[in-house]
Amino acid sequence: MILARVVGTVVATRKEQSMEGLRFMLLQQVDLEGKPKGAFVVAADAVGSGVGEIVLYASGSSARQTVATDRRPCDAVIMAIVDSWEVGGKVKYKK
Amino acid sequence: MILARVVGTVVATRKEQSMEGLRFMLLQQVDLEGKPKGAFVVAADAVGSGVGEIVLYASGSSARQTVATDRRPCDAVIMAIVDSWEVGGKVKYKK
Amino acid sequence: MILARVVGTVVATRKEQSMEGLRFMLLQQVDLEGKPKGAFVVAADAVGSGVGEIVLYASGSSARQTVATDRRPCDAVIMAIVDSWEVGGKVKYKK
Amino acid sequence: MILARVVGTVVATRKEQSMEGLRFMLLQQVDLEGKPKGAFVVAADAVGSGVGEIVLYASGSSARQTVATDRRPCDAVIMAIVDSWEVGGKVKYKK
Amino acid sequence: MILARVVGTVVATRKEQSMEGLRFMLLQQVDLEGKPKGAFVVAADAVGSGVGEIVLYASGSSARQTVATDRRPCDAVIMAIVDSWEVGGKVKYKK
(Lines give C-alpha, C1' and ligand atoms only; values in the text may rest on other atoms or scores of the structure.)
Protein backbone atom coordinates (compact mmCIF):
# COMPACT_ATOMS: atom_id res chain seq x y z
CA MET A 1 0.00 0.00 0.00
CA ILE A 2 1.08 3.57 -0.55
CA LEU A 3 0.77 6.63 1.70
CA ALA A 4 -0.95 9.51 -0.08
CA ARG A 5 -2.92 12.65 0.66
CA VAL A 6 -6.40 13.19 -0.75
CA VAL A 7 -5.95 16.45 -2.67
CA GLY A 8 -9.15 16.62 -4.69
CA THR A 9 -12.01 14.90 -6.44
CA VAL A 10 -12.83 13.90 -10.01
CA VAL A 11 -16.30 14.06 -11.59
CA ALA A 12 -17.17 11.70 -14.44
CA THR A 13 -20.83 11.24 -15.33
CA ARG A 14 -20.20 9.00 -18.34
CA LYS A 15 -18.56 5.81 -17.14
CA GLU A 16 -18.75 2.05 -16.95
CA GLN A 17 -22.13 1.39 -15.37
CA SER A 18 -20.62 -0.64 -12.53
CA MET A 19 -18.70 2.45 -11.40
CA GLU A 20 -21.93 4.31 -10.52
CA GLY A 21 -21.96 5.56 -6.96
CA LEU A 22 -18.21 5.33 -6.43
CA ARG A 23 -16.37 8.50 -5.49
CA PHE A 24 -13.14 9.21 -7.37
CA MET A 25 -10.49 10.82 -5.19
CA LEU A 26 -7.36 12.51 -6.49
CA LEU A 27 -4.35 11.34 -4.47
CA GLN A 28 -0.80 12.56 -4.25
CA GLN A 29 1.87 10.37 -2.75
CA VAL A 30 3.63 11.69 0.35
CA ASP A 31 7.08 11.03 1.76
CA LEU A 32 7.91 9.91 5.29
CA GLU A 33 7.44 13.48 6.56
CA GLY A 34 3.97 13.63 5.01
CA LYS A 35 5.14 16.04 2.33
CA PRO A 36 3.89 15.72 -1.26
CA LYS A 37 6.13 13.89 -3.69
CA GLY A 38 5.88 12.49 -7.15
CA ALA A 39 2.92 10.77 -8.70
CA PHE A 40 -0.81 11.46 -8.74
CA VAL A 41 -3.38 8.72 -8.96
CA VAL A 42 -7.18 8.54 -8.94
CA ALA A 43 -8.61 6.03 -6.47
CA ALA A 44 -12.09 4.89 -5.55
CA ASP A 45 -13.02 5.54 -1.94
CA ALA A 46 -14.03 2.57 0.22
CA VAL A 47 -13.76 4.22 3.64
CA GLY A 48 -15.38 7.66 3.50
CA SER A 49 -12.19 9.69 3.27
CA GLY A 50 -12.14 13.46 2.80
CA VAL A 51 -9.94 16.01 1.06
CA GLY A 52 -6.85 16.74 3.17
CA GLU A 53 -6.64 13.35 4.87
CA ILE A 54 -3.68 11.02 4.50
CA VAL A 55 -4.75 7.56 3.44
CA LEU A 56 -3.46 4.19 2.34
CA TYR A 57 -4.44 2.99 -1.09
CA ALA A 58 -4.06 -0.45 -2.66
CA SER A 59 -3.48 -1.01 -6.37
CA GLY A 60 -4.16 -3.69 -8.95
CA SER A 61 -6.50 -6.61 -8.35
CA SER A 62 -6.29 -5.91 -4.62
CA ALA A 63 -8.22 -2.71 -5.31
CA ARG A 64 -11.25 -4.87 -6.09
CA GLN A 65 -11.28 -6.65 -2.71
CA THR A 66 -13.75 -4.27 -1.10
CA VAL A 67 -17.54 -4.37 -1.12
CA ALA A 68 -17.53 -1.05 -2.96
CA THR A 69 -15.19 -2.13 -5.76
CA ASP A 70 -15.81 -5.86 -6.21
CA ARG A 71 -15.77 -6.85 -9.91
CA ARG A 72 -15.43 -3.26 -11.04
CA PRO A 73 -12.83 -1.83 -13.46
CA CYS A 74 -11.10 -0.12 -10.57
CA ASP A 75 -7.33 -0.44 -10.07
CA ALA A 76 -6.82 1.78 -7.00
CA VAL A 77 -8.83 1.99 -3.79
CA ILE A 78 -8.51 3.92 -0.55
CA MET A 79 -8.78 1.19 2.08
CA ALA A 80 -7.62 3.01 5.24
CA ILE A 81 -7.42 6.50 6.72
CA VAL A 82 -4.09 7.03 8.43
CA ASP A 83 -3.96 8.21 12.05
CA SER A 84 -0.20 8.23 12.48
CA TRP A 85 3.06 6.56 11.61
CA GLU A 86 6.43 6.32 13.23
CA VAL A 87 9.92 5.64 11.97
CA GLY A 88 12.65 4.38 14.26
CA GLY A 89 10.44 4.95 17.32
CA LYS A 90 9.72 8.60 16.43
CA VAL A 91 6.25 9.76 15.44
CA LYS A 92 6.65 11.26 11.99
CA TYR A 93 2.98 12.04 11.34
CA LYS A 94 -0.04 12.40 13.55
CA LYS A 95 -3.46 13.41 12.24
CA MET B 1 -6.89 5.02 -12.26
CA ILE B 2 -4.91 7.53 -14.26
CA LEU B 3 -5.99 10.81 -15.91
CA ALA B 4 -5.09 10.87 -19.60
CA ARG B 5 -6.10 12.56 -22.82
CA VAL B 6 -7.16 10.55 -25.85
CA VAL B 7 -4.67 11.74 -28.48
CA GLY B 8 -5.17 9.23 -31.26
CA THR B 9 -6.17 5.78 -32.42
CA VAL B 10 -4.35 2.60 -33.37
CA VAL B 11 -5.36 0.22 -36.17
CA ALA B 12 -4.44 -3.46 -35.96
CA THR B 13 -6.26 -5.88 -38.23
CA ARG B 14 -4.21 -8.93 -37.21
CA LYS B 15 -4.83 -9.60 -33.54
CA GLU B 16 -6.05 -12.07 -30.95
CA GLN B 17 -9.51 -13.01 -32.15
CA SER B 18 -11.13 -11.97 -28.87
CA MET B 19 -9.96 -8.40 -29.46
CA GLU B 20 -12.18 -8.03 -32.55
CA GLY B 21 -14.49 -5.04 -32.32
CA LEU B 22 -12.54 -3.25 -29.61
CA ARG B 23 -11.26 0.23 -30.38
CA PHE B 24 -7.64 0.95 -29.42
CA MET B 25 -7.13 4.50 -28.19
CA LEU B 26 -3.77 6.19 -27.79
CA LEU B 27 -3.61 7.94 -24.42
CA GLN B 28 -1.18 10.42 -22.97
CA GLN B 29 -1.12 11.03 -19.24
CA VAL B 30 -1.93 14.58 -18.08
CA ASP B 31 -0.91 16.49 -14.98
CA LEU B 32 -3.23 18.26 -12.54
CA GLU B 33 -3.57 21.19 -14.97
CA GLY B 34 -4.61 18.83 -17.75
CA LYS B 35 -1.31 19.32 -19.56
CA PRO B 36 0.41 16.37 -21.25
CA LYS B 37 3.16 14.63 -19.32
CA GLY B 38 5.17 11.49 -19.59
CA ALA B 39 3.97 8.15 -20.74
CA PHE B 40 1.79 6.95 -23.60
CA VAL B 41 -0.37 3.88 -23.38
CA VAL B 42 -2.85 2.12 -25.66
CA ALA B 43 -6.20 1.35 -24.01
CA ALA B 44 -9.38 -0.35 -25.14
CA ASP B 45 -12.44 1.88 -25.05
CA ALA B 46 -15.41 0.79 -22.91
CA VAL B 47 -17.32 4.09 -22.82
CA GLY B 48 -17.37 5.57 -26.34
CA SER B 49 -14.67 8.17 -25.80
CA GLY B 50 -13.34 10.41 -28.57
CA VAL B 51 -10.04 11.99 -29.51
CA GLY B 52 -9.41 15.10 -27.40
CA GLU B 53 -11.37 13.98 -24.34
CA ILE B 54 -9.79 13.50 -20.94
CA VAL B 55 -10.55 10.08 -19.51
CA LEU B 56 -9.79 7.74 -16.68
CA TYR B 57 -8.20 4.42 -17.52
CA ALA B 58 -7.69 1.35 -15.37
CA SER B 59 -4.75 -1.03 -15.78
CA GLY B 60 -3.97 -4.67 -15.12
CA SER B 61 -6.63 -7.26 -14.37
CA SER B 62 -9.04 -4.44 -13.54
CA ALA B 63 -8.98 -3.56 -17.25
CA ARG B 64 -10.90 -6.79 -17.89
CA GLN B 65 -13.81 -5.93 -15.58
CA THR B 66 -15.99 -4.43 -18.32
CA VAL B 67 -18.41 -6.16 -20.67
CA ALA B 68 -16.22 -5.08 -23.59
CA THR B 69 -12.97 -6.48 -22.22
CA ASP B 70 -13.97 -9.51 -20.11
CA ARG B 71 -11.48 -12.39 -20.57
CA ARG B 72 -9.54 -10.55 -23.24
CA PRO B 73 -5.77 -9.95 -23.37
CA CYS B 74 -6.34 -6.30 -22.57
CA ASP B 75 -4.39 -4.57 -19.79
CA ALA B 76 -5.74 -1.02 -20.04
CA VAL B 77 -9.31 0.21 -20.46
CA ILE B 78 -10.96 3.60 -20.59
CA MET B 79 -13.74 3.29 -18.02
CA ALA B 80 -14.84 6.92 -17.55
CA ILE B 81 -14.92 10.22 -19.43
CA VAL B 82 -13.89 13.05 -17.14
CA ASP B 83 -16.15 16.11 -16.74
CA SER B 84 -14.05 18.01 -14.24
CA TRP B 85 -11.75 17.79 -11.27
CA GLU B 86 -10.84 20.07 -8.44
CA VAL B 87 -7.85 20.36 -6.16
CA GLY B 88 -8.11 22.11 -2.81
CA GLY B 89 -11.60 23.40 -3.64
CA LYS B 90 -10.50 24.96 -6.94
CA VAL B 91 -11.71 23.65 -10.27
CA LYS B 92 -8.56 22.70 -12.18
CA TYR B 93 -10.24 21.23 -15.26
CA LYS B 94 -13.69 21.50 -16.74
CA LYS B 95 -14.68 19.89 -20.01
CA MET C 1 -1.15 -2.11 -24.06
CA ILE C 2 2.20 -0.79 -25.19
CA LEU C 3 3.54 -0.09 -28.69
CA ALA C 4 6.82 -1.89 -29.31
CA ARG C 5 8.94 -3.18 -32.16
CA VAL C 6 9.98 -6.81 -32.38
CA VAL C 7 13.78 -6.54 -32.46
CA GLY C 8 14.85 -10.13 -31.88
CA THR C 9 14.19 -13.55 -30.45
CA VAL C 10 15.23 -15.46 -27.35
CA VAL C 11 16.02 -19.18 -27.22
CA ALA C 12 15.54 -21.11 -23.98
CA THR C 13 15.42 -24.89 -24.13
CA ARG C 14 15.22 -25.41 -20.38
CA LYS C 15 11.97 -23.90 -19.13
CA GLU C 16 8.70 -24.46 -17.36
CA GLN C 17 7.11 -27.33 -19.29
CA SER C 18 3.95 -25.34 -20.02
CA MET C 19 6.04 -22.82 -21.97
CA GLU C 20 6.96 -25.43 -24.61
CA GLY C 21 6.08 -24.29 -28.11
CA LEU C 22 5.81 -20.60 -27.27
CA ARG C 23 8.06 -18.21 -29.14
CA PHE C 24 9.85 -15.57 -27.06
CA MET C 25 10.17 -12.24 -28.84
CA LEU C 26 12.45 -9.43 -27.75
CA LEU C 27 10.55 -6.15 -27.83
CA GLN C 28 11.66 -2.55 -27.58
CA GLN C 29 9.13 0.15 -26.80
CA VAL C 30 8.65 2.85 -29.44
CA ASP C 31 7.52 6.45 -29.16
CA LEU C 32 4.72 8.10 -31.13
CA GLU C 33 7.00 8.43 -34.16
CA GLY C 34 7.77 4.71 -34.04
CA LYS C 35 11.32 5.36 -32.85
CA PRO C 36 12.91 3.13 -30.21
CA LYS C 37 12.81 4.34 -26.63
CA GLY C 38 13.55 2.97 -23.24
CA ALA C 39 12.75 -0.47 -22.00
CA PHE C 40 13.15 -3.96 -23.44
CA VAL C 41 10.82 -6.81 -22.58
CA VAL C 42 10.46 -10.43 -23.65
CA ALA C 43 6.94 -11.40 -24.71
CA ALA C 44 5.30 -14.58 -25.90
CA ASP C 45 3.84 -14.37 -29.38
CA ALA C 46 0.12 -15.07 -29.84
CA VAL C 47 -0.33 -13.65 -33.34
CA GLY C 48 2.55 -14.84 -35.53
CA SER C 49 4.54 -11.61 -35.47
CA GLY C 50 7.98 -11.24 -37.04
CA VAL C 51 11.17 -9.33 -36.37
CA GLY C 52 10.81 -5.72 -37.49
CA GLU C 53 7.04 -5.44 -36.99
CA ILE C 54 5.46 -3.01 -34.57
CA VAL C 55 3.08 -4.75 -32.23
CA LEU C 56 0.91 -4.24 -29.18
CA TYR C 57 1.70 -6.26 -26.10
CA ALA C 58 -0.30 -6.76 -22.93
CA SER C 59 1.26 -7.33 -19.52
CA GLY C 60 0.37 -9.01 -16.27
CA SER C 61 -2.52 -11.43 -15.89
CA SER C 62 -3.95 -10.09 -19.16
CA ALA C 63 -1.01 -11.74 -20.89
CA ARG C 64 -2.57 -15.10 -20.04
CA GLN C 65 -5.89 -14.39 -21.77
CA THR C 66 -4.91 -15.99 -25.08
CA VAL C 67 -5.18 -19.62 -26.15
CA ALA C 68 -1.39 -19.75 -26.43
CA THR C 69 -0.67 -18.42 -22.94
CA ASP C 70 -3.58 -19.60 -20.78
CA ARG C 71 -2.41 -20.72 -17.31
CA ARG C 72 1.25 -20.28 -18.23
CA PRO C 73 3.90 -18.34 -16.29
CA CYS C 74 3.87 -15.65 -18.96
CA ASP C 75 3.52 -11.97 -18.06
CA ALA C 76 3.75 -10.34 -21.49
CA VAL C 77 2.08 -11.33 -24.76
CA ILE C 78 1.98 -9.87 -28.26
CA MET C 79 -1.75 -9.72 -28.99
CA ALA C 80 -1.88 -7.51 -32.10
CA ILE C 81 0.27 -6.49 -35.06
CA VAL C 82 -0.05 -2.76 -35.69
CA ASP C 83 -1.00 -1.48 -39.14
CA SER C 84 -1.01 2.22 -38.36
CA TRP C 85 -1.77 4.88 -35.80
CA GLU C 86 -2.67 8.52 -35.95
CA VAL C 87 -2.35 11.39 -33.53
CA GLY C 88 -4.52 14.50 -33.89
CA GLY C 89 -5.82 13.31 -37.26
CA LYS C 90 -2.32 12.82 -38.69
CA VAL C 91 -1.00 9.40 -39.59
CA LYS C 92 2.17 8.96 -37.53
CA TYR C 93 2.96 5.39 -38.52
CA LYS C 94 1.90 3.18 -41.38
CA LYS C 95 3.25 -0.32 -41.92
CA MET D 1 10.01 -10.24 -4.19
CA ILE D 2 11.90 -7.21 -2.98
CA LEU D 3 14.47 -6.85 -0.18
CA ALA D 4 13.48 -4.12 2.27
CA ARG D 5 14.05 -3.06 5.83
CA VAL D 6 11.17 -2.58 8.26
CA VAL D 7 11.65 1.06 9.30
CA GLY D 8 8.39 1.80 11.08
CA THR D 9 4.70 1.17 11.56
CA VAL D 10 1.48 2.82 10.42
CA VAL D 11 -1.68 3.17 12.52
CA ALA D 12 -5.07 3.41 10.84
CA THR D 13 -8.17 2.80 12.92
CA ARG D 14 -10.63 3.60 10.15
CA LYS D 15 -10.21 1.04 7.39
CA GLU D 16 -11.84 -1.63 5.30
CA GLN D 17 -13.29 -4.03 7.85
CA SER D 18 -11.41 -7.01 6.44
CA MET D 19 -8.13 -5.28 7.27
CA GLU D 20 -8.83 -5.46 11.04
CA GLY D 21 -6.04 -7.17 12.94
CA LEU D 22 -3.41 -6.74 10.25
CA ARG D 23 -0.26 -4.83 11.14
CA PHE D 24 0.92 -2.22 8.63
CA MET D 25 4.71 -2.03 8.39
CA LEU D 26 6.60 0.78 6.72
CA LEU D 27 9.30 -0.66 4.47
CA GLN D 28 12.25 0.88 2.70
CA GLN D 29 13.97 -0.97 -0.11
CA VAL D 30 17.63 -1.83 0.41
CA ASP D 31 20.45 -2.41 -2.07
CA LEU D 32 22.73 -5.44 -2.23
CA GLU D 33 24.79 -4.07 0.70
CA GLY D 34 21.65 -3.74 2.81
CA LYS D 35 21.72 0.04 2.57
CA PRO D 36 18.51 2.02 2.16
CA LYS D 37 17.60 3.10 -1.34
CA GLY D 38 14.65 4.54 -3.12
CA ALA D 39 11.03 3.77 -2.52
CA PHE D 40 8.91 3.31 0.61
CA VAL D 41 5.94 1.01 0.74
CA VAL D 42 3.44 -0.08 3.38
CA ALA D 43 3.01 -3.84 3.68
CA ALA D 44 0.87 -6.12 5.82
CA ASP D 45 2.85 -8.47 8.01
CA ALA D 46 2.30 -12.22 7.63
CA VAL D 47 5.36 -13.47 9.51
CA GLY D 48 5.71 -11.49 12.74
CA SER D 49 8.50 -9.19 11.60
CA GLY D 50 9.85 -6.33 13.71
CA VAL D 51 11.26 -2.87 13.11
CA GLY D 52 14.89 -3.11 11.99
CA GLU D 53 14.66 -6.50 10.30
CA ILE D 54 15.29 -7.04 6.61
CA VAL D 55 12.44 -8.85 4.94
CA LEU D 56 11.10 -9.99 1.61
CA TYR D 57 7.79 -8.61 0.48
CA ALA D 58 5.54 -9.68 -2.38
CA SER D 59 3.30 -7.30 -4.31
CA GLY D 60 0.07 -7.42 -6.26
CA SER D 61 -2.31 -10.37 -6.16
CA SER D 62 0.50 -12.49 -4.71
CA ALA D 63 0.21 -10.35 -1.57
CA ARG D 64 -3.15 -12.01 -0.94
CA GLN D 65 -1.79 -15.59 -0.95
CA THR D 66 -1.32 -15.77 2.82
CA VAL D 67 -3.79 -16.77 5.50
CA ALA D 68 -3.54 -13.25 6.94
CA THR D 69 -4.27 -11.42 3.70
CA ASP D 70 -6.58 -13.72 1.72
CA ARG D 71 -9.33 -11.75 -0.07
CA ARG D 72 -8.28 -8.48 1.53
CA PRO D 73 -7.53 -5.18 -0.25
CA CYS D 74 -3.84 -5.65 0.43
CA ASP D 75 -1.26 -5.27 -2.33
CA ALA D 76 1.98 -5.84 -0.39
CA VAL D 77 2.82 -8.47 2.21
CA ILE D 78 5.92 -9.39 4.18
CA MET D 79 6.24 -13.13 3.56
CA ALA D 80 9.78 -13.85 4.81
CA ILE D 81 12.35 -12.53 7.27
CA VAL D 82 15.81 -12.56 5.70
CA ASP D 83 18.71 -14.31 7.47
CA SER D 84 21.39 -13.63 4.89
CA TRP D 85 22.19 -13.32 1.23
CA GLU D 86 25.27 -13.77 -0.85
CA VAL D 87 26.40 -12.44 -4.20
CA GLY D 88 29.07 -14.22 -6.22
CA GLY D 89 29.82 -16.57 -3.31
CA LYS D 90 30.38 -13.69 -0.85
CA VAL D 91 28.06 -13.12 2.08
CA LYS D 92 26.77 -9.58 1.65
CA TYR D 93 24.34 -9.52 4.54
CA LYS D 94 23.96 -11.60 7.66
CA LYS D 95 21.38 -10.89 10.34
CA MET E 1 9.32 -11.52 -19.07
CA ILE E 2 12.61 -9.90 -18.22
CA LEU E 3 16.19 -10.99 -18.96
CA ALA E 4 18.29 -11.16 -15.81
CA ARG E 5 21.39 -12.83 -14.44
CA VAL E 6 21.30 -14.94 -11.29
CA VAL E 7 23.84 -13.17 -9.08
CA GLY E 8 23.20 -14.74 -5.72
CA THR E 9 20.88 -16.44 -3.27
CA VAL E 10 18.81 -15.35 -0.28
CA VAL E 11 18.28 -17.40 2.88
CA ALA E 12 15.13 -16.91 4.96
CA THR E 13 14.21 -19.55 7.49
CA ARG E 14 11.22 -17.69 8.91
CA LYS E 15 8.64 -17.33 6.17
CA GLU E 16 5.10 -18.04 5.06
CA GLN E 17 4.75 -21.79 5.45
CA SER E 18 3.78 -22.30 1.82
CA MET E 19 7.15 -20.91 0.76
CA GLU E 20 9.01 -23.86 2.34
CA GLY E 21 11.27 -25.63 -0.13
CA LEU E 22 11.43 -22.78 -2.64
CA ARG E 23 14.84 -21.36 -3.48
CA PHE E 24 15.13 -17.57 -3.54
CA MET E 25 17.48 -16.31 -6.23
CA LEU E 26 18.85 -12.79 -6.43
CA LEU E 27 18.51 -11.46 -9.98
CA GLN E 28 19.94 -8.45 -11.71
CA GLN E 29 18.45 -7.26 -14.98
CA VAL E 30 20.75 -7.28 -18.01
CA ASP E 31 20.72 -5.20 -21.18
CA LEU E 32 20.78 -6.52 -24.74
CA GLU E 33 24.53 -7.16 -24.49
CA GLY E 34 24.01 -9.23 -21.34
CA LYS E 35 25.56 -6.53 -19.17
CA PRO E 36 24.09 -5.74 -15.75
CA LYS E 37 21.74 -2.79 -15.52
CA GLY E 38 19.38 -1.34 -13.04
CA ALA E 39 17.11 -3.20 -10.72
CA PHE E 40 17.54 -6.23 -8.48
CA VAL E 41 14.72 -8.60 -7.67
CA VAL E 42 14.34 -11.81 -5.69
CA ALA E 43 12.62 -14.62 -7.59
CA ALA E 44 11.62 -18.16 -6.76
CA ASP E 45 13.27 -20.78 -8.94
CA ALA E 46 11.06 -23.13 -10.96
CA VAL E 47 13.68 -24.51 -13.35
CA GLY E 48 16.81 -25.39 -11.38
CA SER E 49 18.86 -22.37 -12.35
CA GLY E 50 22.29 -21.60 -10.93
CA VAL E 51 24.31 -18.54 -10.02
CA GLY E 52 25.81 -16.98 -13.15
CA GLU E 53 23.12 -18.10 -15.58
CA ILE E 54 20.95 -15.69 -17.54
CA VAL E 55 17.29 -16.44 -17.11
CA LEU E 56 13.82 -15.18 -17.88
CA TYR E 57 11.58 -14.32 -14.98
CA ALA E 58 7.86 -13.58 -14.90
CA SER E 59 6.23 -11.19 -12.43
CA GLY E 60 2.87 -10.72 -10.79
CA SER E 61 0.14 -13.34 -10.82
CA SER E 62 1.95 -15.07 -13.70
CA ALA E 63 4.68 -15.94 -11.20
CA ARG E 64 2.21 -18.33 -9.56
CA GLN E 65 1.54 -20.35 -12.73
CA THR E 66 4.15 -23.01 -12.00
CA VAL E 67 3.83 -26.19 -9.96
CA ALA E 68 6.44 -24.80 -7.55
CA THR E 69 4.70 -21.49 -6.92
CA ASP E 70 0.97 -22.21 -7.27
CA ARG E 71 -1.08 -20.33 -4.64
CA ARG E 72 2.03 -19.02 -2.92
CA PRO E 73 2.81 -15.39 -1.99
CA CYS E 74 5.41 -15.26 -4.74
CA ASP E 75 5.45 -12.41 -7.26
CA ALA E 76 8.51 -13.33 -9.36
CA VAL E 77 9.57 -16.70 -10.75
CA ILE E 78 12.40 -17.92 -12.95
CA MET E 79 10.60 -19.86 -15.65
CA ALA E 80 13.33 -20.33 -18.27
CA ILE E 81 17.13 -20.54 -18.56
CA VAL E 82 18.32 -18.58 -21.57
CA ASP E 83 20.55 -20.26 -24.19
CA SER E 84 20.91 -17.31 -26.54
CA TRP E 85 19.22 -14.32 -28.09
CA GLU E 86 19.67 -12.38 -31.26
CA VAL E 87 18.84 -8.85 -32.32
CA GLY E 88 18.50 -7.92 -35.97
CA GLY E 89 19.83 -11.31 -37.05
CA LYS E 90 22.98 -11.02 -34.92
CA VAL E 91 23.61 -13.29 -31.96
CA LYS E 92 24.03 -10.95 -28.99
CA TYR E 93 24.35 -13.58 -26.28
CA LYS E 94 25.20 -17.26 -26.30
CA LYS E 95 25.57 -19.34 -23.16
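Going by the order they are written in, the chains are A, B, C, D and E; count residues from 1 in each one.
Here is the rule we use: a residue touches a chain if its C-beta (ideal position, glycine included) is under 8 Å from a C-beta of that chain, and two chains touch if they have at least 3 such contacts.
Since we're looking at a predicted model, the values are computed, not measured.
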{"item": "Chain C reached from chain B - shortest hop count over touching chains", "value": "1"}
{"item": "Whole-Å separation of chain centres (CA-atom averages), chain B against chain E", "value": "32"}
{"item": "Between chain A and chain D, centroid-to-centroid distance (C-alpha), Å", "value": "20"}
{"item": "Set of chain D residues in contact with two or more other chains", "value": "60-61, 63-64"}
{"item": "Neighbour-by-neighbour ring order, given that chain A leads and chain B comes next", "value": "A, B, C, E, D"}
{"item": "Footprint of chain C on chain E - complex, ascending", "value": "1-3, 31-32, 46-48, 56, 58-66, 69, 77, 79-89, 92"}
{"item": "List of chain E residues in touch with chain D within their complex", "value": "7-16, 18-19, 24, 26, 40-43, 51, 60-61, 63-64, 71-76"}
